[in-house]
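Listed next: structures, encoded as structure tokens.
Shared between the two complexes below is subunit A, which has subunit B as its partner in the first and subunit C in the second.
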Partner chain A sequence: MGATKSTADILEALKEKYEPVIGLEVHVQLLTRSKIFCACSTRFGDPPNTNTCPVCLGLPGALPVLNREAVAKAVKAALALNCRVNRLSRFARKNYFYPDLPKGYQISQFDQPLAEHGWIVIRTGEGPQGGIEKRIGITRLHLEEDAGKSIHDGYPDSYEKTYVDLNRSGVPLAEIVSEPDLRSSEEAYDYLTRLKQILLYLGVSDCNMEEGSLRCDANVSVRPRGQKEFGVKTEVKNLNSFRYLQRALDYEIGRQAQVLDGGGKIEQETRLWNTQTQRTMGMRSKEYAHDYRYFPEPDLLPLVVSEAWQEEIRQTIPELPDAKQRRFIEGYGLSTYDAEVLTATQELAGYYEQVAGKSGDAKLAANWVMVELLGALNAAGKTLAESPVSPEALAGLLELIRDGTVSGKMAKGVFERMFAGGASARAVVAELGLKQITDDDEIRRVVRQVIAANPKQLDQDLGGKKSLEGFFVGQVMKATRGQANPPKVNELLKKEVERAAADIFFTRHNEIHSTAYAFVRNGSPPEPDLIYADKAGKEFGVEVTRTYLNKGEAKFLWDKARKKQGSPQVWTSGVISQPDQVYEGTLLNAVLAKGQKIYSGAPPWLIVVFEYPLGDTSEANMIANSVAAKLKETLSPFAQVWALWQVTNVLTAQYEIFRLT
Partner chain B sequence: MSLDVSRWTIDDVQEALRSRRASAQEICAATFARIATENPKNNSFLTLTEERAMARAAEIDRKVTAGEPLPPLAGVPLAVKDVILTEGIRNTCASRILGNFIAPYSATAVERIEAAGAIIVGKVNCDEFAMGSSNENSAFGPVRNPHDPERVPGGSSGGSAAAVAAGMAVAALGSDTGGSIRQPASFCGVVGVLPTYGRVSRYGLVAYASSLDHIGPFGRSVKDAATVLAVIAGRDPLDSTSAAVPVPDYLAALDDPVRGFKIGVPREYFAEGLGSDVRARVESGLAVLRELGCEIVDISLPHTEYAIACYYIIATAEASSNLARYDGVRYGYRTPESASLSEMYRKTRDQGFGTEVKRRIMLGTYVLSAGYYEAYYLKAQKVRTLVARDFSRAFERVDAIATPVAPSPAFRIGEKTADPLEMYLSDIYTITGNLAGIPGISVPCGSVPAPADGGSSDGRKLPVGLQLLARHFDEARLLRLAHQFEKARGEV
Partner chain C sequence: MRITEKDVLYVAALGNLELDAAETARFVADLDSILSYVEKLNELDTSAVEPMAQVLYDAPETLTWRDDHERPGFPQEKSLANAPERGAGQFKVAKVIER
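Our next item is the complex of A and B:
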């Protein structure tokens, strides 16, 4: 492993020094029912040599007749790739001997291809906008026929025989040759990905690499960075998966850079990517040095694609990924990333648009399609076409979220059921008896029960050691079987904790000052939050607030006070060495923050839950006095301001109160 | 008792059937009887299809008995060159490499003649893959000229011409890539037609040189040739190069007057190399045309001298590619011993092809090779354009062109085999028609004494043909002129 690592380091250094130059030659099978020069079926996977006839078997006397549909599909691809389609192009014979090439030549196009001078835009590299855009030139797109397939194994006598299946012979191909515009294996990958996406959008090929309907060869050279001239190139073949493409290119780039760096020369040759050894191997060049002896195919007339036909085909080109992404970003307000994910295929984009349209919430739809739907499909190993949840059904669920029938969290459960059983959202909600609880009184009742049932947790929370908000929310959701509206729970929990704090305060106040203040009701704005009354029934308002400390800072201070400071973390704010000043500041700020509000009726009381988990009662009192002194000079909308403080270092919670104004 | 059909025309067959003078089966049997005596003398047939022929003849007889209308070739015994596929019948191309090849489908031309009622009596010999001018390049032995068994019948469609000349078939199909119908027709004293390129489908014709290959008919009369051509002509969706030009009624116009036709005589075709006897016959033929009221006009086809070179570049280039499929992998001959794929290819092709075929494959491979393509193939294509332009310019002035078919009458077997170039020159007057893609015909124009060329010369006469050429798709005029020439000459 050590040796590998150092090789990797060397390669990294070479990468800095040398720039790769890559061009791809991509063959795609055109999605036609019959072959390019005969009426045989193009179906994949049929028994060997069953989809054959005199023409594709290369029998004596047979002649090719061009399939118009293959031309139409190639022209469609050419136009979508921004190529200029030649009015007149010509077929040519490429001559070579091979057992799976039945005529001894392949009918292709050579010096007069169907289309030239195209380009596509790829998005490549890292970045906040999903990388930078780069235009990659397309040299040419031409039509040709596929050869058959040599089968070297799988038969009992494969050790001594090779079988030939000519079902593929004569299947129409478009060869798409890029300019040498690619500068890394990643760019090559991005180019192939985008090319495939466009072809899939067009419906001209199924681009299935396993079945060989998308194949790729690469021309690779490297040159010292800054050099203008291209280096000597090699042609790397057998790159039949996206993964291999990148690996093979990386290998070949590294190999060439090493050769050059060692003072060697690159030999112009064809190299095969070997998936076993993960290397490219030179084919013995003499044996494979082909002179294809191209000449015009005399059995076919020149191919004429009229302006009118081109225009007719142009009309059939659908909205392409680029345009769709722009529309999603501008029309639906999606991020570049989301737009890219949702336009990955035409089917997904279509699905999304239906959900967005029917649910009326494009962003919610985007999240649900990308996270829940794609996640569930992925986990189930299903394609979008196989999704048990239709766009209408998903939109139906989103409507229930939007009208508050179910919470987002509940909706996830509903979605799981819909995905498993194919039922509609409403049916699942009805079946489970699910309905979101949005009624304040109902939620408040549950919140109160939860607080009352968990006095210890309430004390921990008020003591400022740690926040138990999450705990209480969890308890409430549990008690409502997840049906409580989460924002409402949060809001009411905060109020009820405050209410509990106020009750604690007045219990203590009544004890010390022999009063009999008692809770009457919740105030409704602009009244203060809580309304209390004395024995005579005279009401007064009460507001509760809490001091809030940065939790990390609180932990630091806590540990510091208990000499637990082992952590290397160092706070840089100057006051931190004086914990009491920090706490004094939080108390003062809490009071001042509340002082901005105007309340109806007589000035209310303000109770501040003072989270000060460090010192003893006298220290807390000193802080309170210090704050009180500072408050003397300020105007306050409150009749009285009090601090409620939980006494530290006692077994059961006790509270002390300090008057601040 | 024994029926002699050896000089019958298509009309004779039709008349015999209609009048019930002879049944199709009788005609067919008589034909096979004739073949049995004649074929051993001239080796025209490579495969006989007697059983199949008799069954089809019985089918025709059933129609006759039922009083059904008879198609134009009903019961006509017809020979097919062994480069034109007939389903279920061996097709050798006179080559060892296809010695065991049974055609799995029929050529369009074959389908059409059979649909028209013709009885295919067998597949006839030729030069291997139609490459040759003497029928000596056959893996199954040369064909002998019915007029002199020591002489060649011409080639490459030597078997077709000889079969018709020897009365073994009323008509025949041949193919013409560089004179291969017209030259043997001339040597054997029968009529042979080169239709316009695209007039007759090439589907099922084993390709030699695709842009020059034509299928065409042989007959003992122009009318018979016209009848067969009318059946096989016309657009075929299976051949992209076949033309959608309507086929006129050739027979209906055969007797329309030809008075006033301008006949061009290219001076380049009467220059050095043309035998004086042949020249004399052709000039007498021109006199016949003049008597028919035609005007004979001197014309020039200035690029004629480049035609042979041009032809042997283009034809061999295409052949080198067309014959690549005979590799021993799927069908045909495969060498019994080879240790590797490339050895299998080499030995199969070395053992399977004859010398002339290998020579042309090598020539063609050479002219297409990197570095030579421009100098040879592209240049030849330009010359081809010039040759074609010579004709189109001439046809602005004349209605037809009359020339000799070959510089000499049938030569002796073995006479030219040692010198391929001299053999190639025997096609000098016919090759231009293929390069231009125009229609042509070879019609008998009398005979000349067999030259005293070293062999026995017992005062035999050898036939000589007159070649007539016309504009693209103007077969009607060509046939009309030839038909009236034939009639007028007979009266001379």
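Our next item is the complex of A and C:
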């Protein structure tokens, strides 16, 4: 095949050949009321240049004073990221010119950062197992101030002017630099997701990407797989959404691999991700060497974080996602996947724990929170905080499921109403007149009606042609508007089909033997299932059992009953080469199995519903006699044993009865 | 001479300064004589002394920070008082060319 390879194929081949090496630099805004070096507000969205003062405007003579809370939050993050916090760190000036940096330098940290040598664990890959765990190193975490905001577009003179708002100037940032431990854009995505999750748990940042409180740059290089040394890297900027991060990295990885594969060289440069063109573009700055001329900031004293303070901050660190997940798995018996979903945010985890605690069923609570609640919130575009259903309300619904008031299916309808109207589960149940029917007599009455209304289906079921249990259950649920307790319906349906079979049997028996046996009531254990009586009112017990053939046997016998030849394969099967023996064996086993039970009162009758029709009565008679002969040799708790058969080519009666003992 | 013309032009470029030939020559001489003077300090053995970037090195921790209280900033009008050009409540500068 000489087809030309598609771009995707080429990229896939390059992916096999080259391994990406990625490190991320993440800037997060620390949640403080005031800026890092002055008392101006950090509020987002205020009118431009209203949260500014001589310090953040860079006016001559103004002096910075460090915000203690910014340090505390950065230390908290550093400790949670397993960093070593340096007792002494130092601020430095990073010098460069840009209109949104009024001082001409940014106060940052350089050779003595606040914290170093950390790591976090990411889980890469999807799936219920939760993927593979991998530890990603964190090189450093340091404090710095943000610059102002340049607006390049949107004004009539934007073609020649840039507008500058300095409200952001001096907002506290933590820069978190990872080791080049990431080996794919997916891992980079997982790392950023995990980092964000931890920072949100800590409450040190709101990590809002739209508002710029979480920003990400990446260092990317590729190398032939197997090579130890890193390739030349580029820095990719402007990766300010999770969506762009992966796309931009994939683009850059592909670009570098193509350059190397074509025998070219990667130039060390800064590239900007352009969301419009979906490409990274080299910035013009590349011909200038970056020389920030860092030097210690003389206006600020070295930053000392004592052991005692560190300890004090460590005490404020909440249970982090990893620990919470483990606790959910061990304490609530959840799967890794469920635990991961439910610990995605502290709010969700808290919500879940309340539901689990109040409802007393952790797994049921997990399912309802994950499937119904999150599904409904998602569909309505609501956050958890906006949920119309409180944890208490949801727990209330789960209680109704647990005590059998409503079935799981009914509960979904109730939940929809609760979500739409904010009412309690009990209120909705009362309003709709919903109540699961668990009363045996009530369900039995409906089951009887359904069976009586569908004689054809009953014949098919008893004839063994196909099971119509599903059909009958459906009819019962329909008749009760879904309110019947499903396990009860199944149980009573089985009993009532047996009862219907018994009625068929006695109708035939009365015809042939001029008796007048009639149904009296259901027995209650250890009585037999059914109680019948004769004309004089003398009661006797009746048990009904049904026999089944396996699928292959059934098909063969059906074909035979309809005068079709069995296929050669079937004929060679030892099991059913003698169809009469199959019938006999099955029938005999059914009687013997039933004979194990002990019943109160006089020995009852046993009726075996034999579900596969024979051609005619003489054939059935033969088998019945043969089984009867064998039964004579065994002890039986039954007064009489009968078989009930559907006979296919008898004109007058569909069912025929045969006495076995 | 330790300072070269190249050094001066490099530093000037980083500082966004345009120097003509005469100025360049003058800065070469000036910077060189300043550095030569400072060079004298190297005659002292400071290998056992920690470099000091800030005075008050041994200050108690509490001297180095403030609590996180906010205070109203300048009114916009005042913030922009020194702006050579302004619009929409912002500083207006010549179109920024990334470099």
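Definition applied: the second predicted complex is superposed on the first by the 464 of 661 C-alpha atoms of A that agree within 3 Å, B and C clash if a C-alpha of one lies under 4 Å from a C-alpha of the other, contacts with A are read in each partner's own complex, and residues count from 1 in each chain.
The rule is short, and it goes like this: contacts are C-beta pairs under 8 Å (C-beta built on N, C-alpha and C of every residue); 3 or more make two chains touch, one makes a residue touch a chain.
This is a predicted model, so every value here is computed, not measured.
In the superposed model, A:P48 lies in contact with subunit C only, and not with subunit B. By the touch criterion defined above, A:Y155 lies against subunit C but remains apart from subunit B after alignment on the C-alpha atoms of chain A.
In the superposed model, A:R90 lies in contact with subunit C only, and not with subunit B. More residues of subunit A are in touch with C than with the other of subunit B and subunit C. Contacts of A:D291 after superposition on the shared chain: both subunit B and subunit C are touched.
Legend: residue contacts after superposition of the two complexes on their common chain; A:L63 is shown touching subunit B, with no touch to subunit C. Judged by the touch definition given at the top, the superposed model places A:Y105 against subunit B, while subunit C stays out of reach. The intersection of subunit A residues touching subunit B with those touching subunit C, taken from the two complexes, comprises 57, 59, 65-66, 95, 97, 99, 164, 291, 293, 295, 298, 300-301. Contact residues of subunit C toward subunit A in the complex are 13-14, 16, 53-54, 56-57, 59, 61, 63-76, 79-80, 82, 85, 87-99.
Put simply, subunit A touches subunit B in their complex at residues 54, 57-66, 93, 95, 97, 99, 102-105, 164, 291, 293-295, 298-301. Residues 32-34, 39-42, 47-53, 57, 59, 65-71, 90, 95, 97-99, 150-152, 155, 157, 159-166, 283-285, 288, 291, 293, 295-298, 300-304, 306 of subunit A are the ones touching subunit C in the complex. Within the complex, the subunit B residues that touch subunit A are 84-85, 91, 93, 98, 101, 103-105, 107, 202-207, 209-211, 237-241, 317-318, 320-321, 323-325, 327, 329-331, 341, 345, 365, 368-370, 373, 377.
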